[in-house]
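Note sheet for the following structure.
Every chain is named by a letter (A, B, C, D, E and F) in the order it is written, and numbering of its residues begins at 1.
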Amino acid sequence: MVDVTAKPATSRTAVAHSFVRMQRATVGSVRRLKSPKGDPLEIARIAGITAAKRTSELIPLCHPLALTHVDVRAKLCQNGIEITSSATATGPTGVEMEALVGASVAALTIYDMCKALERGMEITELYLVKKSGGRSGTYVRSAAGARKRGKA
Amino acid sequence: MVDVTAKPATSRTAVAHSFVRMQRATVGSVRRLKSPKGDPLEIARIAGITAAKRTSELIPLCHPLALTHVDVRAKLCQNGIEITSSATATGPTGVEMEALVGASVAALTIYDMCKALERGMEITELYLVKKSGGRSGTYVRSAAGARKRGKA
Amino acid sequence: MVDVTAKPATSRTAVAHSFVRMQRATVGSVRRLKSPKGDPLEIARIAGITAAKRTSELIPLCHPLALTHVDVRAKLCQNGIEITSSATATGPTGVEMEALVGASVAALTIYDMCKALERGMEITELYLVKKSGGRSGTYVRSAAGARKRGKA
Amino acid sequence: MVDVTAKPATSRTAVAHSFVRMQRATVGSVRRLKSPKGDPLEIARIAGITAAKRTSELIPLCHPLALTHVDVRAKLCQNGIEITSSATATGPTGVEMEALVGASVAALTIYDMCKALERGMEITELYLVKKSGGRSGTYVRSAAGARKRGKA
Amino acid sequence: MVDVTAKPATSRTAVAHSFVRMQRATVGSVRRLKSPKGDPLEIARIAGITAAKRTSELIPLCHPLALTHVDVRAKLCQNGIEITSSATATGPTGVEMEALVGASVAALTIYDMCKALERGMEITELYLVKKSGGRSGTYVRSAAGARKRGKA
Amino acid sequence: MVDVTAKPATSRTAVAHSFVRMQRATVGSVRRLKSPKGDPLEIARIAGITAAKRTSELIPLCHPLALTHVDVRAKLCQNGIEITSSATATGPTGVEMEALVGASVAALTIYDMCKALERGMEITELYLVKKSGGRSGTYVRSAAGARKRGKA
């Protein structure tokens, strides 16, 4: 584990992205599933937030952090569900992993809820969109990444 | 949660795949990092296995299962690291999510260990390769998926 | 911990009840909150199901059980939110605690989401409604309990 | 999750209450059970403290907090066991949920340990007694609540 | 992880031992501490049982098992506290690790509760006393181990 | 739980030691096992670090702490494997338990990986080597402890 004892506690933010690619028929079913057995997007959101808080249990060399904010949003697209996850903390190390874990578990939850409809779904484009704070400063994913996302 | 009380306990297996795309220089560093601070592939393997056992804590509507086997393998490729994860249990429901969680957390662990080298890495192609057992029988991902993987 | 090694694995079910008493104005707000920041009833449902699966971590002398079904329902009433939680497993011991933990954590989640509106809410009437299976057979809460609930 | 990033870290305290209502014969048994298989009040106390520390895992939109103190007390009464739980932390958000989770899991643990004696026990009067710190200042439950407790 | 899918589910038992060596004055304090702030032996017992149930989360290549019994006993000796922990399950693999984790965490809990009195305490003699069940049959620690224990 | 609310947050460090005593033949096997099924020393290291982060879940009266560094090292000796674990945090209370939990779970992991070779292994000499920070200042284990270690 990297020793972050000597690093000052500063405000850190990170945003991550993931995408669950599925057939249009499955997207339609997700939209309609909203009423009877629960809304997959809302359950994915809650699962992602809850998992982000447990990042240091899942990722062996991650530091525990007192997150001050986590948010996960899931949006229906034509060919799948796009997830954006953000995390914030004031601490000596960044929150990239927390944002990525949130986006990842939200996507897995959608897979779980839709797998009876389509087993071939694929989780893809899980990446860091941006992060700020800390010695390495601000990172923003380049246009190449954005273009790639456009193809999804 | 789907009620699986009346379903018979049968042997279930699932295999999942994920890929961490990175620059060739980063792949080279991962290879060399093996000695000083620990082997990223081995740490990812352990993280994936450990996480697979906790799938029902992470995915809200997943049933707890007594897994009889979990394996995660991480392999260096030219442009990234390919992960294969498998899970087995004897129970009333399948182990697809356990295999997918294993592949996902192994990939996130690699991201964590390499993020100082390249923040732009992308986790992609997380999908079910095959599963067997249960009423729905055997599923094998079609050639289209395989072709896609080839392009990675 | 009671030794249940010699007891046969049979099908067990339990249903639990809880009630979050709140002012009518708060009930009205919960109904309207559904859209902007998430549906408190749905989030409580997910939290209750997830917690029920972790009962043996929370209650020191509870046995771990492979639950085959958990369900939590939250319903808006005039003066609060009524929660019903059920759990099922095939095993050597009962699932009363799993149902009670589900009802309890769902109620606490509602408190958490509504506490900015009314700190004086009270969680009450957390009890076992019925259970079946096992050597002690079926238990159904008597009419006195039902009457009590009517007053809520 | 509410974003508390901009809120100053101040000292926060909360006290919660719960009550496990049981028959007098059961109260008597709890008193006598102290010697052979462990003291239910002590086990409940430990379970409540341990659970309070995991509040952010159980309640989806709760922030993780570095608690500096948790205490749970369980007291035998004529018709049940009264639990008082307190939590303290220095942070940007309150500890009401931590105190309530402590009181709730301590009560559930008592239910678990006594359920062979009386399945009809009821957990009731789980509420916030008081809290201090933070922008909303001090809250003390009004006399109506106290009166209600008197009736228990 | 060893693949135990093909192994039959049989009854498995294991007993483990640990010892917390401390000065006589500390042993005396533990005896007297029983009243004011809680009984260290009882808290250690509960901590050990609870941890044994989470063995597969702590030990990376351990299989999850539905334990049917766990017991931990802590006994004051002249020069320390002796802990015996037992675990039982019906499953395809043994419960040695569960018994050892129980004995280990109980010992650590005693260290935690007594460290203000004596930081130099040492946890020692953590070993498997016996195990039964499974293809490898019964194991009983030899007299050499017993003799060693006698010296403690 | 000791109330540490009023104590200032200072930098705290602790180092712990443990030893897994095994036969020379087993030590030799551990050395050779490195290639096929994973390196036991590396897996023990990861297990120890991960467990240290969860100390407050395992030890009932331990405060949760935001660790800024954890390290675990395992070294092959003639008659066993020696483990050194260190933990650091800035907080109102010490990190002795975190270091001890790391050393303990690393040792248990080695036991788990080698138990098919030798069930009679013994975990011993788990103690605090030193700690610094806090009101009680620096503690260094005396030469007697060191001598003892020499005998291992």
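To be clear about the criterion, contacts are C-beta pairs under 8 Å (C-beta built on N, C-alpha and C of every residue); 3 or more make two chains touch, one makes a residue touch a chain.
No experiment lies behind these values; they were computed from the predicted model shown.
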| item | value |
| --- | --- |
| Centroid comparison with chain B (C-alpha atoms), farthest chain | D |
| Relative to chain A, chain with the most remote C-alpha centre | E |
| Equivalent of B-E within the choices D-F, D-E or A-C, defined by over half of its residue contact pairs recurring | D-F |
| Type of chain A:chain C copy interface by residue overlap (half), same or different | same |
| Whole-Å gap separating chain E and chain F, where each centre is the average of the chain's CA atoms | 17 |
| Where chain B and chain F are represented by their mean Cα positions, the distance between them in whole Å | 29 |
| Centroid distance [mean C-alpha coordinates] between chain F and chain C, Å | 40 |
| Intercentroid distance (Cα basis), chain C paired with chain B, Å | 33 |
| For chain C, residues that touch 2 or more chains besides their own | 43, 46-47, 50, 54, 60-61, 65-66 |
| Overall pattern in which the protein chains touch one another (line/ring/star/complete/other) | other |
| Pairs of chains in contact (touch as defined earlier), listed by label | A-B, A-C, A-D, A-F, B-C, B-E, B-F, C-D, C-E, D-E, D-F, E-F |
| Chain E to chain B touching residues, read off their complex | 1-5, 7, 56-57, 60-61, 63-66, 91-92 |
| Chain C partner contacts - residues on chain E that touch it in the complex | 11, 46, 49-50, 53-54, 65-71, 88-90 |
| For the chain D and chain E complex, residues of the former touching the latter | 38-39, 42-43, 45-47, 50 |
| Residues of chain A defined as touching chain B within the complex | 43, 46-47, 50-51, 54, 58-62, 96-97, 100-101, 104-105, 107-109, 111-113, 115, 119-128, 131, 139, 141-142, 145 |
